[in-house]
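One chain, chain A, appears in both complexes that follow, with chain B as partner in the first and chain C in the second.
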Partner chain A sequence: MNQHGRFGPTRPITLKILRYKPGFIDPPRYDTFQVQADPLMTVLDALEEIKATADSTLLYRHSCHHASCGTCGMKVNGREQLACVARLVDEGTDEVVVEPLGSAPLVADLVVDMTPFALHMAPSGMALVRDSEFMPEAERPAGVERYTRYEDCIECNICLSACPVANTNPGFIGPAGLAAAYRALVTGERPAAEVFAYVDHDDGVWRCHSAMECSAVCPSDVQPGHKIMALRRELVAYKVKRFFKRG
Partner chain B sequence: MRTTYHVVVIGGGSTGAALVHDLVLRGFKVTLVERGELTSGTAGRHHGLLHSGGRYAVNDQESAIECIEENIILRKIAPGSFEENDGLFVAITDEDVAYLDKFLAGCETCHIPTRVLTAAQVKRLEPHINPQVKLAVQVPDATMDCWRLPMRFFATAKHNGADIRPYNEVIGMLITAGTVTGVRVRSHVTGQEYDLKADIVVNATGAWAEKVSEMAHARVPVKPTPGVMVAVRGRWCNMVINRLNKPSDGDIIVPQRGLSVIGTTSWTVEDPDRLGLPEDHVRRMFEKGGELIPAVKHAPMRAAWAAARPLIAEGGAQEGRELPRTFKCFDHKVRDGIEGLVTISGGKGTTMRAMAEATANVVCDKLGLDIPCRTKEVVLLPYWAYYQ
Partner chain C sequence: MAVPIQQKSTGARALQAWFNPLKRSAGFLAFVLMRVTGIGLVIYLLLHMVVIGNLLRGPEGWDALVATMKSPAVLVLDVILIAGILIHMLNGIRVTIIGLGFGTSSHKGIFWTLMAVAALLLAYSGWLVFTK
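== the complex of A and B ==
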């Protein structure tokens, strides 16, 4: 069992990594590297080892190493994952293919440009910090008015890469931005009228085809697909209410 | 005020982030080069504790005072950035209880506010706490997001004109007659190399500081001192839970989002790029963390990783946790007779702003300028503004 920090036997795994440096490694190609993987070795651990020992020019994004910053989203054997928690041996293949996310402009190697994603997320109005729903029975100490925690969404861009609609419609706000708008609505962080103005158009909540790929790949339990559905229901209710008020 | 001086900062961790912010506010032209993603060194993957200073209140009061001062300042200049649930130092054994008086006296000396709580009170605040708990002390700890907090500094600096270049690695120093006049850089995006001229170069590469200063034949006594952290699924506490005793292994649990992060350990390595992940350290996190909150022992592991402290080993004989936690700013003119190069290393994520202020002061002194620091007052932009 590796669940509680037991490493177990190692086995050789070949990583096949997409390489691209504009004007230098151009067109893109795949390079292969070998690592000895123990049951806990993640894709990120392997990339770090390759960078330190075999190729110091290998480029990838990473920061927190525990699924909280959202920088290391990439495709592992074709499926969007966070490299820091994707364990190599869990892939079950002797060769593991590592490629950049598909939903954002490629910068170099495994690095994509997060600017378009951030521009869709920022206007949602979701705050970083929310009320903590854990242990509702817990009392609070003097001086702490409410227990808070960070929002689940770590802005990893994984859901956009997996979304069939976002891949063909670059203007689409996308699952993460819509889910964030829903959070801003239910927390009251942002007035309903503003949230609905942000999402009620062709590139907003109505563009989604309910493929639900986003909820399947989200590494942070955001369930963006379900939040989009909930947002639609809120929007319809809001419109109906407004219609009768007017009449 | 705008100066014509150009400062190059090497290293895009929390220290580099706060430093470029400080320097552009003082009117410098600033370029930061970071070899990987921003905060891909130690800053992005530390334990995530916005220290109250309690941890250092007995053994390292200089650090403790820095922490409480910066804790208050960061909450003010980066509102909405922290899980502000305070922290507890909990006593589980009689030996822990015996530490209480020293702890309270230390906190008082360092102006860290405390409140002593009975076992019954602690259990009502934190239902999963070890039922053996004897008492606890409440302090103003908080949880920080190790990526998004530095990104607020980067975002603000960028909007104020700083040129921030991730994926650009310094591979050499430009030296003319004993003076560092710039750096040689390789872009890992284009594969090309180029020179970057500077009036002052600041080496803010943390645990890599020795490697980088060697490029200028300067010496920095930094020991990369890694520690292991383990994140388990489930938020088993809302407050930061510390062990009321001398700092030791696995004696802090920092809740964050839906995770609980147990840390940490300490050993020294030669190469900050090859930390490894010692199996026994990972297991010790479950054992020691379980003494604070038994449930974490059986919680599913989300991640285990290591990060390297950049500890200053000036005294020579000290090891691991004995090394002082305060930061040091080296003017290599004074140390090694090399002009144009300053190194900042040591410190903590919590003290990033203070480290930057001290370093920017040295830069100003070297250039004969007297420009006040403004970073205690300027409220930072949201982190996503970095991309706008």
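== the complex of A and C ==
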């Protein structure tokens, strides 16, 4: 058994972590720490060890530790991942660079401001948990007022960070918001005209430049890039139909 | 136990968001290529207009320019220009197809297929440029 209470050999891995604290560590810099990583040690495990034993001022967000809350999204060796399931040894490097997500204002160290993301998600009406539309006929046990259904999107902001357009255009609704709009359309959560009015503008569905990186990095297999393209197809069909109805 | 080792500064990362394809997927590479070739083609069009302006210098000026254009170095630039046109044009077809919601699940395959077509056409074009 190793020092982490798990089995498996350990090897030293250096974490190069971006640090920023307005007025104190300003401009940002990288701090470097070394940990003894076993095959199961995640980036979040390493951050917790650093915070507990080396630098208690290190700031990062986390909650569930099992990829369902979407809180610990960050860049690991330049690629967006959930720190709680990204294993250090899987990176295959002796040094692992840990940085905050892009496209969101940096608050401190690895913590970004999620407000812009939430503001882009809210108009779709697709919150993380919402009423089920699939089982209206199902019998409910006594005391259960209604069923709820969990959406795939864990609202981690990883897709916006990986999107090259969102990184340079803060007004862009972004992959998660547009994917949510598509869900609102296909489930009937919102009237089609309302959804299309929300996405049919320069910073909406047409701003996407098809890099599809959002789909590549999404830890929850939402495939937001694919949803954006499907939303465009529906929008074009809607416009064509409306054009001929007018004629 | 974690041990602090060293500290050093970092610079701006804005350009990385558009032009750094490292650790990214094929779609991001397509995005980068589209921008690089697009910027390159705009620069070429501006240079082209300047070069065409040599017509105003009469036959002597134009003949000298044509002689320069036949030098191996300029022919290499011609091949680079053709590469830019092919990549931008074929990638544009990919963007159009998936941008309308078709073949999104195959977008990587579409990209690599079109880039293979670009490579074949470029090889043929290069052969024509240097032999004809």
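As a convention for this text, the second predicted complex is superposed on the first by the 217 of 247 C-alpha atoms of A that agree within 3 Å, B and C clash if a C-alpha of one lies under 4 Å from a C-alpha of the other, contacts with A are read in each partner's own complex, and residues count from 1 in each chain.
The definition used in the following text is that contacts are C-beta pairs under 8 Å (C-beta built on N, C-alpha and C of every residue); 3 or more make two chains touch, one makes a residue touch a chain.
It should be emphasised that the depicted structure is a prediction, and the values quoted were computed from it without experimental measurement.
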Touching partner for A:M121 - first (chain B), second (chain C), both, neither: first
Which superposed partner A:P9 touches (first chain B, second chain C, both, neither): neither
Contacts of A:G188 with chain B and chain C, given as first, second, both or neither: neither
First, second, both or neither for A:C69, with chain B first and chain C second: first
Of chain B and chain C, the chain that contacts the larger number of chain A residues: B
Which of chain B and chain C A:F24 touches, first, second, both or neither: first
First, second, both or neither for A:G92, with chain B first and chain C second: neither
Interface residues of chain A shared between complexes with chain B and chain C: none
Chain A - residues contacting chain C, complex: 14, 18-19, 27-35, 46, 49-50, 53-55, 77-79, 102-103, 162, 164, 167-168, 209-213, 215-216, 225-226, 229-234, 236
Complex contact set, residues of chain C against chain A: 1-10, 13-14, 17-18, 20, 22-25, 27-28, 30-31, 34, 94-95, 98-102, 104-105, 107
Chain B-facing residues of chain A, complex: 3-7, 21-25, 40, 42, 45, 48, 51-52, 56-57, 59-71, 84-85, 107-109, 111, 114-115, 117-119, 121-122, 127-129, 132, 134-135, 137-144, 147-152, 154, 220-221
Contact footprint of chain A on chain B as seen in their complex: 36-40, 44-45, 48, 80-86, 115, 117, 124-128, 138, 143, 145-148, 167, 169, 186, 188-192, 229-231, 235, 238-239, 255-259, 261, 271, 273-274, 277, 279, 282-283, 285-286, 297, 300-305, 307, 382-388
